[in-house]
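Note that subunit A is present in both complexes that follow, paired respectively with subunit B and with subunit C.
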Partner chain A sequence: MEYIVKTENLVFEYKIQVQTEGEEATTETEAALNGVDIAVKKGEFVAVLGHNGSGKSTLAKHINCLLSPTAGTMWVKGISVADEERIWDIRSSVGMVFQNPDNQIIATIVEEDVAFGAENLGVPPAEIRKRVDEALASVGMAQYAENPPHFLSGGQKQRVAIAGILAMRPDIIVLDEPTAMLDPIGRREVMNVVKKLNREEGITIIFITHFMDEAAQAERIIVMEEGKIAMEGTPGEVFAQIAPLKAIGLDVPQVAEIAAGLREAGINLPQGLLTVDALVEEICRLR
Partner chain B sequence: MSIKISNLSHTYSKGTTFEKKALDDINITIERGEFIGLIGHTGSGKSTLIQHLNVLLRPDTGSIIIDGEDIHADKGRLKAIRSKVGLVFQYPEHQLFEMTVFKDVAFGPANMGIAEDETRQRVEDALAIVGIPPELHEKSPFELSGGQKRRVAIAGVLAMKPEILVLDEPTAGLDPRGRDEILGRIKEMHEKLKLTVILVSHSMEDIARLVDRIFVINHGKIALFGPPAEIFAQTQQLETIGLSSTQAAYVAKHLQEKGFKLPDGIYTVDGAVTEILKVVRG
Partner chain C sequence: MLKITIGQYYHANSFIHRLDARMKLLCTIIFITVLFFVGNFLGYALAAVYLAIVIMASKVPPKYLFRGLRAILFIIVFTTFLNVFFTQGEDILFAIGPVQITLQGLLNAARMATRLVMLIVGSSILTLTTTPIQLTDAIEFSLKPFKKIGVPAHEIAMMMTIALRFIPTLIEEMDKIMKAQMARGADFDTGGLIKKAKSLVPLLVPLFISSFRRADDLALAMEARCYRGDVGRTRMKQMKLAMRDYKALAVMTIFVALIFALEYLARIWGIW
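Right, the complex of A and B next:
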């Protein structure tokens, strides 16, 4: 099996200064990642859940070498992140989208912003033109190519940010809470674009989120807690474990909770019901 | 403390090419002690509306009467009105600036000219109700977690002893635990301090759990209003304006369409479980 992202016992420690009044400052070491083993297949759509401080973002930043591991190993497309000479090979294959749409757009015209990354990679101008047009079409923003970005909605800005990454032709896109600051329409727009890129263009997606209904749309969910993998499985498997999820401060989609409530009361329903339609269908069978 | 908003309209950049009518003839009455949810997508006019409530913006036409007083009538009353209506902005933790948590929360009351003893008491009370323990009071606010920072920022507004608390998206960007913590505290403030609360949110689930009444705003107008059970039953209308109902409401609605005799107005997990059990067991 070919894994596009693989880690073995990944550890990341950082130092913090502790200052108590009247005493010398001391340095303490904290582990943000504490032995993480993940393996993501090419073309997979993986959601990462976990509360703030569980290590999700630290893990994400290792995938395109914004951080390097303290211990353990990580390979992206078979290249070890410790191989400094090939760091740019990794970075040009892994695109990242962050939470705040306003922090990711730098140009004054949408298409110039989308071209920025590809220009930096030294792509020839004619090729850039082609890539920018394709990328904007892919995210449904072609009609805004010549607009200034500050009049766009949050969801539209995130789609422009994604287009900028597409123009760099990445194999993997890592999205770190891309919908946290968006309204319901914006969230839906971004989610639809991400699913389409995964399905139609085969791009591997690693999607960090606090929204359980978004995680439910992934192929696989990884739950992190205290720098470790706490749970892993299909959305059906993970969201069946309501009590353990709640114990670590996470949630399950409402549908899964309703199904669990009915099951507890003795109603015979299968595991893994995550969508309104699936639950309604099963309840109809009870008649 | 009732709030009466009559014929309120506001247009941005009037007379320029960027002219935009943000509020268009809004009429709302809110009773003392009510817990109100205000929903609408980005650009619907929610933030413009709440900025009128403590006179950060002035209406083009119409008025807001709080406790019988037209809040936009007398500029000399600004300070009094702003301490009566506490406004917690989006991402309020970006406004933290002091050296310690305690000093940050004390800034508002000290600025209002409240005596030191009274300020100290208010800061302690405010931090207690948002759940920030005494051992964090002398820490830098920047050492706290995201959810804690946000609660400190809310305490800063509470220390001014407002009678009306307006919160703009208080759970945006928080993880589920941080979200539950903040919402639980807001509920407590509403109950213990008898505050009138106006909660602006995109999250239907949050709104569904807490509020007495909902106003849905769209294109600067009030599109729907009523208790949660009525609003969440209108799935079609909510979708037309770019919102959605709760998953529980959708489950109930689809089951009704399939011929199940479920009552109207189901929108919570517990409500759905109870009612579905009744019909499937016959």
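Right, the complex of A and C next:
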């Protein structure tokens, strides 16, 4: 099996200044990533779960070479991220969406912003035009092409950011908590676009989040804790482990918790129920 | 909400709007330069007629255009005042004590005021009919020849674009911080100038801090989207000169020729 993103014992350390009163400042090394092994297949939709400081953002930034590993290796499309000559090959095939929708829009007009990445790659003008129109259409923002971005809602801005990446024709999109600053409607809009891109265009998605219901929609979940991988598996498998998840400060989707409670009370329900519809269907079948 | 009119664009579909931004920039620079060569009032009249035609062609309501003059009203009044009272000349019209009002003074004052008004109106037409992004592109293009002597043309244009992009974001943020401070009892409205200035400090500090954070985020986002300066970059919107741009240039040339002819005649005939 060909892996599009693969890491081996990935370690990332950074230095922090520690100042205690009456003493000189000392530098300490802290590991944000401490031996991470992941492997993502082409076309997969992977969610990375973890609370603040678990190293999930640091991992995301490695995929786009925004950070380089202290030890261990990472390959993106078979290219080692340590190969500095090919850094732009990696960046052009890995798109990245960040948390703050305001701080990643560069231009004063939506379509100009969508064109930005493709312009940087040196794509011919007519081709950029075509890609921009297609990208805006596939995130459902075509009617806003000539608007200034500051009138858009948070969810719309994130969709513009995704369009900007689509215009670069990437193989992988890494989304670093793209919904953390959005309202529920914006979150749903972004999630739907991401799922559609994965399903219809076969783009590999690495979705970093701390929302359980979003992670539940992925094919596979990687749970991170203190720079290490704590759990891995399908949403059904991961969310069945309610106690270990709670031990590292994470929740499970409400449906999974209710199903577990019912099972404990002696009601015969199968594992892996994550949506309200699935749970309702199973409960109705009991009669 | 604060109102900022920098780079304000008036959307309309006119001949002037459709002109290439580079041509508009060139014509505006020529127009402004010419204004400072003109010394006679026939020339000013011609320039005014020319401006009026351009304004009509641009479909920008004159009300909109002249609003920009309000901001510099003080400068106009001030220079007029200085010119009237402090120009030395022979033809003294009347004198009040040591202050003399001379014919030369009045003429100079009128010239200066006319020039200033036309300068502002002329350059407002440029900014009102050109989107900020087109204007930045035009500036980048015109700075290109100076790249060899180390002028960072692309970087200047990119900085202008980002600044324009973040003006509304920062205004919004300032508004938010102001409200947050007011909710905690801050007072921005009363007191003298010094007290008011002091009350801005708790506003500016958080604004600066968040701007640095935004800058950091933006730099990361730009790098992630393969930005590496001007290296191997293309543009989606290509600037192309069309027939109408050459027509505009021809009109401008005729105007300049007429102005200089008038100026020459005025000097021979000795009119003002």
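The working rule: the second predicted complex is superposed on the first by the 287 of 287 C-alpha atoms of A that agree within 3 Å, B and C clash if a C-alpha of one lies under 4 Å from a C-alpha of the other, contacts with A are read in each partner's own complex, and residues count from 1 in each chain.
Assume a contact is a pair of C-beta atoms (placed from the backbone, for glycine too) under 8 Å apart; a residue touches a chain by one contact, two chains touch by 3 or more.
Note that the structure is a prediction, hence the values are computed from the model and not measured.
With the two structures aligned on subunit A, subunit B fits next to subunit C without clashing. Of the two partner chains, neither subunit B nor subunit C is touched by A:Asp89.
When the shared chain is aligned, subunit B comes close enough to touch A:Pro253, but subunit C does not. By the touch criterion defined above, A:Asp133 reaches neither subunit B nor subunit C. In the superposed model, A:Asp171 lies in contact with neither subunit B nor subunit C.
In the superposition on chain A, contact of A:Leu121 is made with subunit C only, not with subunit B. With both structures placed on the common chain, the touch criterion links A:Asp213 to subunit B but leaves subunit C unconnected. Touch criterion met: A:Thr108 reaches subunit C, while subunit B stays clear of it. With chain A fitted onto itself, subunit B and subunit C come no nearer than 5 Å, counting C-alpha atoms only. By the touch criterion stated above, subunit B contacts subunit A in their complex at residues 41-43, 145-147, 172-178, 202, 205, 242-244, 246-248, 250-251, 254-255, 258, 260, 269-270, 272-273, 276-277, 280.
If you check the complex, the residues on subunit A that touch subunit C are 64, 66, 88, 91-92, 95-96, 98, 100, 102-109, 111-112, 115-125, 128-129, 132, 148-150, 164-165, 168. In the complex of the two chains, the subunit A residues touching subunit B come out as 50-53, 99, 153-154, 177, 180-186, 210, 212-213, 249-251, 253-255, 257-258, 261-262, 265, 267, 276-277, 279-280, 283-284, 286-287.
Residue ranges of subunit C in contact with subunit A, taken from their complex: 131-133, 161-162, 164-165, 168-169, 172, 213-214, 217-218, 220-228, 232-238.
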